[in-house]
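What follows is chain A paired twice: with chain B in the first complex and chain C in the second.
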Partner chain A sequence: WSSFAQWATFARMWYLLDGKMQPPGKLAAMASVKLQGLHKPVYHQLSDCGDHVVIMNTRHIAFSGNKWEQKVYSSHTGYPGGFRQVTAAQLHQKDPVAIVKLAVYGMLPKTLHRRTMMQRLHLFPDEDIPKDILQNLVEELPQPRKAPRRLDEYTQEEVEAFPRVWSP
Partner chain B sequence: MASFGTLLSGSGRLLRGLLAGPAATGWFRLPARGFREVVEIQDGKTTIIEGRITPTPKATPDPPNPVGQCPICRWNLKHKYTYEDVLLLSQFIRPHGGMLPRSITGLCQEEHRKIAECVKMAHRAGLFPNHRPRLPEGVVPKSKPTLNRYLTRWAPSSVKPICNRGRRWNKVGMAVGSPLLKDNVSYSRKPLKMYH
Partner chain C sequence: MVFLTTRLWLRNRLTDRYWRVQEVLKHARLWINRITAASQEHGLQYPSLIANLIKCQVELNRKVLADLAIYEPKTFKSLAALAKRRRQEGFAAALGDGKEPEGIFSRVVQYH
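Up next is the complex of A and B:
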């Protein structure tokens, strides 16, 4: 077991995840697996085998159901009367990155390593990512949800090929 | 495809006889009238308001199950469609996004409700960008930052935030999808979760 083989096995990867039209919970689940290193056969909690994950387009995430209005993020400033509750929509407008960040934070193991794993997570609201991070990226992970096609995204031939189910 | 300007007379529930067409022997349907639109032409001082019959698309012949009563049963689509099947849903909507009445389309009551629910979910997901509601004249819509959503059961403006989700054994769920589509065929082993 040479040091070169050890370095190669424990090298850190950089993964890219596109959050356009994706549910933030599923993005966070995939990201937390990669950040902990659970996808590696050499995983051990103490061996610092987590990878970097870059999530882009967090501004365009899609919640299922009415969660934008129903889901409430609570916090307390520590001062009396400082209990703050904001809906997901309000939080997303203030900070487009916060929802995915909180989702990943909640899915990581509640140990002291969590903070280092969060430092290895990079979130960007839109497509523009700094050049030095772009150079590091190794692989793009497949999106968890297949976004449905809008009516205007179907070609005229496909629309005509679809049978008309009724006539007046 | 969108149906152009369906104008109906105020007959509503009048039963005028059996439809002499493919299948449909159960429910009495109104005699077939084509799609029509109202055209307003301004000629200097005279305004001509004209009703014109637009080309009506014909139903595709030979459905797989001619014995069925409603179009969905005839085409064997009973538990097989969702909000994503825009090509099917667009056949039952008006140009500004509203549903067509049951007496015209020939759907059975439960399928009409399911299709209406799927159409609502598709509108909320933004899958019908060209079927937006008609605005009164002169009104320019303000561009608000839109949020992406899918499988929304309730209208976004009508929902209140859940401030307290409850204890670990008694959580209040957030509704996803619709209970009308509970019986849909699922090709993966996972059961449909109605509440997250």
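Up next is the complex of A and C:
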């Protein structure tokens, strides 16, 4: 097997994922698969075959159900009386990147490689990404959820073409 | 008995055969992960691929499938296409209620 073929197989790829109106758990699942290298047939835990994943628009992720108020992120500062419990909405307000970051961190295997894989994950709250990362990007992954459109985003022809079930 | 570490205590509780089986399973789990990755590239899922290949009487083990996926990608692509086709024929046979003739790839060679 030639060295060029080996270099081409084990090259590190940069993937882009748009998080607008997407559930953060599904984004995190796709990201963790790509970060570990489980999407490659040449996967091995020790062969450092993970790729870079850039997730943008993390400020616009969409939890299903009432999770914005019900999901609780707990942590302890280590000092007595330091048990902090924050709802997902409050955490998102303070740091728009934290929800996706914690989701990916929990989905990666609990080994010492996890920290290196998290360093290969790049999260951005909005669409502005630094130029050197934009130049590295290779492929955009398809979004896990088909985002629904608001009524004012439909064209007038589509609104008229929609079948009328009843008339007042 | 005195066990100076938890590892030694555990080794006493479980049988030696358990550890030998775990060694073999490590390889099997790696092959399964690799085949899952390769079949996802072709739009199939691992259980679907394995089940449909068995139904087509293609008795390749996971070691061979993983090696094919790495070193012979075109062969693996044709195997995935075969499994997909057999899957579609299986659905047609289950949902069609016997009105249509059975599919081409669903024919099975009878060994006596």
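Quick note on the criterion: the second predicted complex is superposed on the first by the 168 of 168 C-alpha atoms of A that agree within 3 Å, B and C clash if a C-alpha of one lies under 4 Å from a C-alpha of the other, contacts with A are read in each partner's own complex, and residues count from 1 in each chain.
In the analysis below, a residue touches a chain if its C-beta (ideal position, glycine included) is under 8 Å from a C-beta of that chain, and two chains touch if they have at least 3 such contacts.
Since this is a predicted model, take the numbers as computed values, not measurements.
> Following superposition onto chain A, is the placement of chain B relative to chain C best described as a clash or a fit?
Aligned on chain A, chain B and chain C fit with no clash.
> Just to be sure I read the superposition right, which of the two partners does A:L38 touch: chain B = first, chain C = second, or both, or neither?
second
> Is A:Y79 in contact with chain B, with chain C, with both, or with neither (first, second, both, neither)?
Neither partner.
> Give one of first, second, both or neither to describe whether A:V165 is in contact with chain B, with chain C, with both, or with none.
First partner only.
> Please name the chain, chain B or chain C, that touches the greater number of residues in chain A.
B
> When the two structures are overlaid on chain A, which partner does A:A62 contact: first (chain B), second (chain C), both, or neither?
First partner only.
> Given the touch rule stated above, what does A:Y154 touch, chain B (first), chain C (second), both, or neither?
After superposing on A, A:Y154 lies in contact with chain B but is clear of chain C.
> From the overlay on chain A, compute the angle at chain A's CA centre subtended by chain B and chain C, rounding to the nearest 10 degrees.
So the C-alpha centres give an angle of 100 degrees.
> Please state the minimum Cα-Cα separation between chain B and chain C in the superposed model, rounded to the nearest whole Å.
For chain B and chain C in the superposition, the minimum C-alpha gap reads 13 Å.
> So which positions on chain A get touched by both chain B and chain C?
Chain A residues touching both partners: none found.
> Touching chain A in the complex: which residues of chain B?
For this pair, the touching residues of chain B are 1, 6, 21, 32-35, 56-60, 63, 71-72, 74-75, 77, 83-84, 86-88, 90-91, 104-107, 125-131, 145, 147-154, 156, 159-163, 165, 174-177, 196.
> Which residues, counting only chain C, touch chain A once they are in their complex?
Listed in rising order, the residues are 30, 33-38, 40-41, 66, 69-70.
> Can you tell me which positions in chain A touch chain C when the two form their complex?
Per the stated touch rule, the residues are 38-44.
> Taking the touch rule as given, give the residues of chain A at its contact with chain B in the complex, in rising order.
For this pair, the touching residues of chain A are 21, 60-72, 74, 85, 87, 89, 92-93, 148-152, 154, 158-159, 162-168.
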